[in-house]
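You will see two complexes here that share chain A, one where it goes with chain B and one where it goes with chain C.
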Partner chain A sequence: MMNCRVLLIDDEEELVTTLVERLEIRGICADAMTNGHDALEKMRDVDYHVVVADLKMPGLSGPEVIEIIKKRYPKVKIVLITGHGNTAHSEQEYPVNEIDEILMKPFHIDNLIEAISRVLDISGEEKQ
Partner chain B sequence: MEFFKQMILPFRLLKNTDKSEDLKRYRRLWWYSVVLTLLVSLVPLLIMTGVNFLMFREAILTEIRYDLSRNLSSTSRSLQFVIEERLSALRYTVRETTREELLDEERLSETFQNLRNTFGGFVDLGVISSDGVQEVYVGPYNLEGVDYSDQSAFDEVIIRGMYVSDVFMGHRHFPHFVISVKYESNDGDFHILRATVDMDYLNRLIYVPNMGHSDDIFIISREGIMQTPSRSHGYLLESSTIDVPAFSPDIEIDETLSGTNLTCFLGYCYIENTPFILIITKERTNLLVEWFERQSLLLVFLITSALLIILVVFWSVTKMVKHVRAADRHRTQVLMNIEYTNKMATIGRLSASVAHEINNPLAIINEKAGLLTDIVSITDEFPNREKTLKALGTIIGSVDRCSKVTHRLLGFTRKMQTKSEFIYLPQLLEEVSNFLGREALHRNINIYHDARGDIPSIESDRSQLQQVFLNILNNAVAAVENGGKINIIIEPVNGQKVAVDIRDNGSGISEENLTHIFEPFFSTKGEFGTGLGLSITYGLVQKLGGTIDVESELDVGTAFRITLPLKHEPSVE
Partner chain C sequence: MSLSEVPHEFDGSDHLEFFGRITASISHELNNVMSIIDQSSGLLEDHLAVIENGSPVRTELLERVHEKINRQTLRGVEIIRRLNKFAHSVDDTVTTFDLADITENFVSICQRFAELKRTQLEFVPVHQRIEITSSPFLLQQMLFTIVQHALEITHKNALIQVEILQTESDPKIQFTIPTTNSDTSTDERMKEAIKLSKILHCSMETDISPGEKEIVCFTISNLT
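Moving on to the complex of A and B:
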């Protein structure tokens, strides 16, 4: 299994907690946070390899959180998950340079794991 | 080009719903304009012509009246003079000659000859004594001893001293009249010198130069008996067809009297000391005809200008109404385009927000079902394991179906950003139609590419353009029969844009459907379509700064026209 730590940030608590549980079943160490502030707090204590963040959240929005994380921890990889299509937003809203992968909700858990593997540049063999 | 301009969607709608009402309105406008303009321009012209006619008429009437009174005046003066001259001759004779001399037949004959030679017109001469008997007579007939005492003429000459008689045939059987003069001697006795004057003598005087064909000049007596022959107002010594006009000392012109059937001018003049009334009639010529003849130049001018005015009015009004109609059309078209764009934008926003709101709960359902699957999978001896896994699989499968819809609705593409690169559209379209190559080949569908003119490369997003053209070509392939035809025409527009026409000769789209084809979930393919293809296409084209138009006719085919800018600056909403 992957030897990495993942932080999930989404205001939908049921979604992130379930995802954490499912990732852990698959041997991936994951934590869930429901807002940007808590996530940033958490990151002071734990080193994460990948942050999976929602685009739209109350308080700090996805792009804002991502920007701060990228500033503080440039090595951390970012996967953006969103319920929006690209028609709903103008392109300026996406911090495209900071994002490594985008997933459209709802997604398959395997797709998430694939995305995480990709951003960590782990080949399929290694992953297995 | 023209085909498209006329046929783009909103205009088609307008054309078909309001056609008859619309036409009626413009026809009314046309009539109003034509009638009004003609009235304004022709009425003054006609009034001018009418005034001209009236003035002409007045001038002609005055001329006729003047002519008539001049003729009357000169003729009556001649007549009066001739009669007066003869009366004077008799007066002179009766004064200068004693009664005895007059009664001497030889002497009277001499006097008669003198009068005849000097004045002319005398037929005979006689002397009547106070008892009314003609005592001496010189002339061609034997009238000596005739008693005139019972005639009214005799009484009159006694009272007035002179007398001019009506014309009569008398004993001589040719028209003549009598003039008599009384001479009263100092002893109170009197005698009368009586002469007969040949009427021919007067007839010769009754002459009017330039007499018209139906004009007439004649004399009637105060009793209305014709004294001279006339052309059309009665024979000599018969009653005149004209009533005796009222007495007037002056020349009178009467325009209302009608003799025979012709309306004519009638001028008359009572000749002093005689029973004669000189009458001249002049046929009232058809003044309108005369006016037409005399004013032919004016008339030609009038008709020409009227025709010219009518022509110009028709031409200009038609042109104006056409312009108005075109302008109205254009305005309606623009308005409907705006309306349609707004509607599509609203639908787009609505469906995007609905899809977004659904995606989050879908994700939760998905993960919960996934978690349950995980748990069931890793738990040994799970009761009803297979059944549960199957049910969970169905839940996840249904979520998949939902998410497919919401993803398409949101126009999701893996690449979130629009990547600009230079694209040569003919090449891109070749690539896209190659995707369909197999199906096209299988169904024997011909896809023709026609790049017209020098087509510039455009700066746009390749994958999104591919999706746009793939969608439309897919539809075209689905619409045509086996062996059908699809034409792709690419041409530059004004050096600012590039237009791509994709035409098929397929089944076409009904007018009703044509208004909805860009709306999401509108599908004519029944179970086979999601109704999102063209909606996404519409959204993508708009996003790329282009426009998409469609026109279609059932059983003839459908044409899409996509116009793309050379370079699109994304607008910030």
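Moving on to the complex of A and C:
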């Protein structure tokens, strides 16, 4: 887990910056971006293992960013976060095949870390 | 007067769809606020755990989290205030209300739709009450169709302005929409807005300057 690098993308700046702080306290390197364009620029300079992206964002939407990321960096794992109350309905809005995990907002930090671990296929012992 | 007594060709599903879209948007925004407060509270817990383990934590860090929680709480309270006002607009189908207040509140609600399209929606403040007798709910439904139309024809970073023009007779609500699209005559949203304006006895005018801006203006008449 210590070697993994995570990029969080959400237009709610105070949410992603707080999540970055909480992940870093837990030894996970993380960066925050508030839109898809800046996130794609950041990915040119930094190698990420996991991208955590919001479904609804101004400009490039979550699914649009994810599609580009998957094309450019097929190995990067994707965790989608959404405030949509109905998972079945939101499944119509995103590319199911390109998503590794989905988290409904609000979520506990442990749920995010578990999702990151699952997509990276890290066991409980390695997480420690 | 009840909704069924206002003669129109819309069935209940049109109103429900509109109500659902607005409340879904507001609940998404509230969800974001709650998520930030939840994570900030968690961050405070993280810092407390560090202190309990005997390590120092800078006071500024705690103050920053506290300020964030305060800011988001105020944001949440404002969103709930807007939602409450919108929800109560169905209390009386036809009633006397402050047109400026209802319009300002509804434009604020619609700002999230504009942000998602990377545009801005602005209400030009009016510093006086403009009392009108009409249907506040149907009026907002009509405003929403124009907002949707505006977001479809405008461009990124545009500023869409909504203002109330005082005239000697009835007040007017005017949308100024920067656009590069001059062919808006067949827009479905506008057809819906025209239908709603007829129910509300509003007269609606559209002035298009191709490639520059479109002005949609409607006069609000009293329903008696």
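Here, the second predicted complex is superposed on the first by the 122 of 128 C-alpha atoms of A that agree within 3 Å, B and C clash if a C-alpha of one lies under 4 Å from a C-alpha of the other, contacts with A are read in each partner's own complex, and residues count from 1 in each chain.
Heads up, the rule we're going with is that a contact is a pair of C-beta atoms (placed from the backbone, for glycine too) under 8 Å apart; a residue touches a chain by one contact, two chains touch by 3 or more.
All values reported here derive from a predicted model rather than from experimental measurement.
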Clash-or-fit label for the pair chain B, chain C on chain A: clash
Touched partner set for A:Gly83, first chain B, second chain C, both or neither: both
Which of chain B and chain C A:Leu15 touches, first, second, both or neither: both
Touched partner set for A:Ile25, first chain B, second chain C, both or neither: both
Which superposed partner A:Val46 touches (first chain B, second chain C, both, neither): neither
Chain B versus chain C as contact partner of A:Ile102, first or second or both or neither: first
Of the stretches 3-11, 21-29 or 93-101 belonging to chain C, the one that collides with chain B: 21-29
Interface residues of chain A shared between complexes with chain B and chain C: 12, 14-15, 18-19, 21-22, 25, 83-85, 105-109
Complex interface listing, chain A residues touching chain B: 12, 14-15, 18-19, 21-22, 25, 83-88, 90-92, 94, 96, 102, 104-109
Chain A - residues contacting chain C, complex: 11-12, 14-15, 18-19, 21-22, 25, 56-59, 83-85, 105-109
Residue numbers on chain C that touch chain A, as the complex places them: 27-28, 31-32, 34-36, 38-40, 42-43, 46, 50, 65, 68, 71-72, 115-118, 156
Touching residues on chain B, where the partner in the complex is chain A: 348, 352-353, 355-357, 359-360, 362-368, 370-371, 374, 378, 399, 403, 407, 409-414, 416-418, 539, 543, 570, 572-573
